[in-house]
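Each in structure tokens, the structures are laid out below.
Same chain, two partners: chain A is paired with chain B first, then with chain C.
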Partner chain A sequence: MSGQTGERVIFAILGVPMLICMLIFSWILSLLLTGIGSVRWELLTVSALQGGMFEMIVGTIYLLLGATAIAGPVGILAAIYLVEYAPSRGLTRIIDQAINNLAGVPSIVIGLFGYTFFCRHLRLGVSLTAGWLTLALMMLPIVIRGSEEALRMVPASFKEAALALGATRWKAISSTTLPAAAPGVVTSVILGIARVAGETAAILFTSCVLITRGLPRSPLEPVMALSYNLFVKIVALGTPAQKVFGVALVLFMIVTSLSLSAILLRIHYRKGQPWLMIR
Partner chain B sequence: MVNDKIDIRNLNVWFRDNHVLKDVSFKIRENAVTAIMGPSGCGKTTLIRAINRMNDLIYGCRTSGDVYIDGHNIYDGNINVYELRRKVGMVFQKPNPFPKSIYENVAFGPRIHKVASGRELDEIVERSLREAALWDEVKDRLHDNAFNLSGGQQQRLCIARALAVKPEIILMDEPCSALDPAATAKIEALIRRLSKKYTVIVVTHNLQQAARISDFTAFLYMGKLIEYGDTKSVFENPHSELTEKYITGKFG
Partner chain C sequence: MNLESFLKSLHKLFMRLKSQPVEFILFFCASFSIVILLLMFLFVVKEGSLAFVRLGVQLIFGQRWETNSDLYGGFPLVYGSLMVVSGALVISVPLGICTSIFIAEVLPFQLRDPVKSIIELLASIPSVIYGFIGATFLAPLMASIFELHSGATALTASLILAIMVLPTIVGVSGETISAVPRDYKEAALALGASKWQIIRNVVLPLSKSGMLASVMLGFGRAIGETVAVLMVAGNVAMVPTPPWNYLAPVYPVTAVIAMQMGEAAVGSLEYSALFGLGSILFIITFVVNTIADVIVRRGPVTRGVQL
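Up next, the complex of A and B:
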């Protein structure tokens, strides 16, 4: 086999999977475009009681924002502890491994845990709060690992300089390490959001109902969500798939715009810190 | 008037099982330049980091013995280590400005110690930059990022940053090893000038540099203090054979 033939074979091996991906992607795109045509946009603001999806959209956003508000700060603080304060490397490694394993737990199992622990044991019932906590559990490992990596990337020399000037450990970390790690930390939160954005199994028994009378008035009330609505309509009610394309499309757009705004935020952070490109 | 600023007595430092400094004792003169030289791994850096207790931050580090500054033992339980590090400034081997503006770099210390703000802070920044011989080069771009400066300028910025908290002692860990000869000459001249007001301790493995800039020289070898005295006599008339071998380039 001549070198040239070998090169062609490699090119084909590498190129064909790419072609398959492109085909699948364009098929999804065409499906989405059909969906756009069939969505009646006025339904976005109409209550579900009148066949709209207003409460589902707001409910989905509520769930995501709440889970992020819990998992973001908790995850970032845990990462700071593990990187900067945890006394021994050995212990940190064991915790890291446990966190890795947690990241691999199937969402249905996490959902079941959320139901037994938050809904039943803590008596939160099927509620927005239970959904937040369950989704936050799914986000945590991703936020922690990502933030840890971002923090470890920051040169130790920044922190040392601050300490040598008489800064306390927290002051040195908060004024030098954290700002430099911010883009990576934001990225880890984005990845966390991406993991739970379209999540169904975790909220299936913890926080969702098919229909409510208006928006939840307190965090202890159940909520409507787009993904749950899709699941129940197709599986339990046997609705033909074409009829729920609109819901799927709206869910897709919410998820995409959330990641997009997070990416913009990260770009903004980077712009303020050109040295991040150097490291 | 000559005074001893620092009195190191029977200093021992271990990193886990590694005995890095062995029973080091000597006195460091006030308002003078003391050079600490010796081959790589002899404990030079560990020695100066014992003077501002930066070794404390290293996991597995253990220290015994005493270090007195102005008669106060800095290893006493009731010493405020943050105040100690304000009083004992440090300049690192590789210039390490913060990823902030030139102004913010110098203002960092005064800000964290809450000693100045506004106009007063501006004055501290200007005074420190002048003292570090950097003011004329940066006065029109104080709000530029410090990373845009050259290596030598960055190192002088780090010196200005250390000066801004009004230290009494300045520790320098091979401050010129990452710089070109021209930038090195500027820093050396600066070190000479600073010694009129501050007690300066410079770690170096460049013998000529030690001879050029220092008033006193300590020679460390394998964690032990082999020789200490005024620079001229250490270089011209060393007591120890080991020192002589090192100075004449037979090892190191």
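Up next, the complex of A and C:
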């Protein structure tokens, strides 16, 4: 009997850290929510020149769309190769290792690389394009890892049935495995977007400026972004918190709703597809 | 794997790619990561080469970092980084490991997904938001608790960083704990082991290596974190007196790079010194991640666990 009480005590002690994690999250949430009242929502559509945040929001969306257009296809195709084709164990291991290492590179180093390689070596300058490429590098490992997992969960029998009917390898994969894995692949792309939506260090030197006249007219122009704006206003200009609360809150809501939808999508489709329940 | 068999497999791969255009495109995409890593290393180190040649070990061990007098001794910065990161790990490792054990082994099944989702959301909050919260709420709080002029200190940075690496540690060690085969636990249960005995004698020994890997990954995350740390660390390029004084401001390596890149003239010694620090950071995280990868691959139950 005393052994049982002892165990309860141990479990209670183990539970405290988890509660602390939950408390931290609710603390952050409550801090941000206290600011909700002071935010003037009409500023969402007002130009930055008049103190609004229209260009920052659209700029952030531009950055995300471009980065997704690069990292999405490349990442998904890479995942297909790793899961379905990759012949030699040795080479696949090296690629795997490289993806893990790329995921671990600090964003500031990615920013340094983006600056010397994209902005200066490729002569793109501080521009939207340089930002797309830099952010795509950060998204890539997330998309590859997530898509790989989704593809691996589809039973081989799907593809084998198509192969037995005489389909080529690519035809079999693209018409059976890929559609079955689609929800998981989409989830991984959304998670990738969420990861870079608030990224600051990587676009610090590569694509952002504090203020522009209107939206960028070409991909070679610099762009405004929510994260960069928040960062510079607090660090360099020392703007009081109330004035940047709106920017912080909008950024938080964009990122959180992206990751929340990815999480819900994942939970939902795992329920909907019986062959995925094994995991 | 020996070189000969590697070259043979490379040759086989090449022959296959030649005959199959689809496979060639896919292979190209997959090898992209390797190409990018190589380019990254080459370009960042190349820009830092001037500093490596002119400053040598001074870049890491030099005592004074003063841009105005063209002195680039990185020791105070490296020390600041290590201080902040070790502070963060001291807080987050015990918290994270206990949380992951609790979620995987004790928490009722229905609650696992919601709690995991909340922790995942915690991970997705951008660092600039953490920095904002740290600068506007935590720093004033620290200032009033410890009666300081400014709450931007190494301790504040450690606290914010601890929150930021917590999800990494919980996530990775949680993965390895759930990778422990059920049969093992059931066997122990059949022998009459209690829940805690199973955790201590079956789960923990098997997932130890995964936990170690999670700590290493947390370290890599923490040492590379820039924006949040910069906003709360106080940014004074001096080793605190006394050196263990966590209530003094520090200037971590990443923060210096982010703050001074904008002003550094391209090609100057300052510019090169910043890239030099960047390359050191790149190498450290590369090594730490590789070790974590190897630990996970070699671990008893962790084969196939994704980092």
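Quick note on the criterion: the second predicted complex is superposed on the first by the 257 of 279 C-alpha atoms of A that agree within 3 Å, B and C clash if a C-alpha of one lies under 4 Å from a C-alpha of the other, contacts with A are read in each partner's own complex, and residues count from 1 in each chain.
Keep this in mind: a contact is a pair of C-beta atoms (placed from the backbone, for glycine too) under 8 Å apart; a residue touches a chain by one contact, two chains touch by 3 or more.
It should be emphasised that the depicted structure is a prediction, and the values quoted were computed from it without experimental measurement.
> Where does A:Phe205 make contact in the superposed view: on chain B (first), on chain C (second), on both, or on neither?
second
> Please determine whether it is chain B or chain C that touches the greater number of chain A residues.
The larger set of chain A residues in touch belongs to C.
> Could you say whether A:Ala164 touches chain B, chain C, both of them, or neither, answering first, second, both or neither?
After superposing on A, A:Ala164 lies in contact with chain B but is clear of chain C.
> Can A:Pro179 be said to touch chain B (first), chain C (second), both, or neither?
first
> For A:Val74 in the superposed arrangement: first (chain B), second (chain C), both or neither?
The second partner, chain C, only.
> Check whether A:Gly37 is in contact with chain B, with chain C, with both or with neither, and answer first, second, both or neither.
Neither chain B nor chain C is touched by A:Gly37.
> Is A:Arg145 touching the first partner chain B, the second partner chain C, both, or neither of them?
So A:Arg145 only meets chain C here.
> Both chain B and chain C touch chain A; at which residues?
Common to the two interfaces on chain A: residues 87-88.
> Show me the residue ranges of chain B that touch chain A in the complex, using the header's touch definition.
52, 54, 57, 59, 82-86, 89-90, 92, 94, 96-99, 108-109, 112-113, 145, 147, 158, 161-162, 165
> Report the residues of chain A in contact with chain C in the complex, numbered from low to high.
Chain A reaches chain C through residues 3-4, 6-7, 10-11, 13-18, 20-22, 24-25, 28, 31-32, 73-75, 77-78, 80-82, 85-88, 90-91, 94-95, 97-113, 115-117, 120-121, 137, 140-141, 144-145, 149, 169-170, 191, 194-195, 197-201, 204-205, 227, 230-231, 234-235, 241, 244, 248, 251-252, 255-256, 258-260, 263, 267.
> Can you list the residues on chain C that touch chain A in the complex?
It comes out as residues 1, 5-6, 9-10, 12-13, 16, 22-23, 25-27, 29-34, 36-37, 39-40, 43-44, 46-47, 94-96, 98-99, 101-103, 106-107, 113, 115, 117-122, 124-129, 131-133, 135-137, 163, 166, 170, 194-196, 217, 220-221, 223-227, 230-231, 254, 257-259, 261-262, 266, 274-275, 278, 281-282, 285-286, 288-290, 293, 306-307.
> Which bits of chain A are touching chain B when the two form their complex?
87-89, 155, 157-158, 160-168, 171, 175-176, 179-180, 273-276, 278
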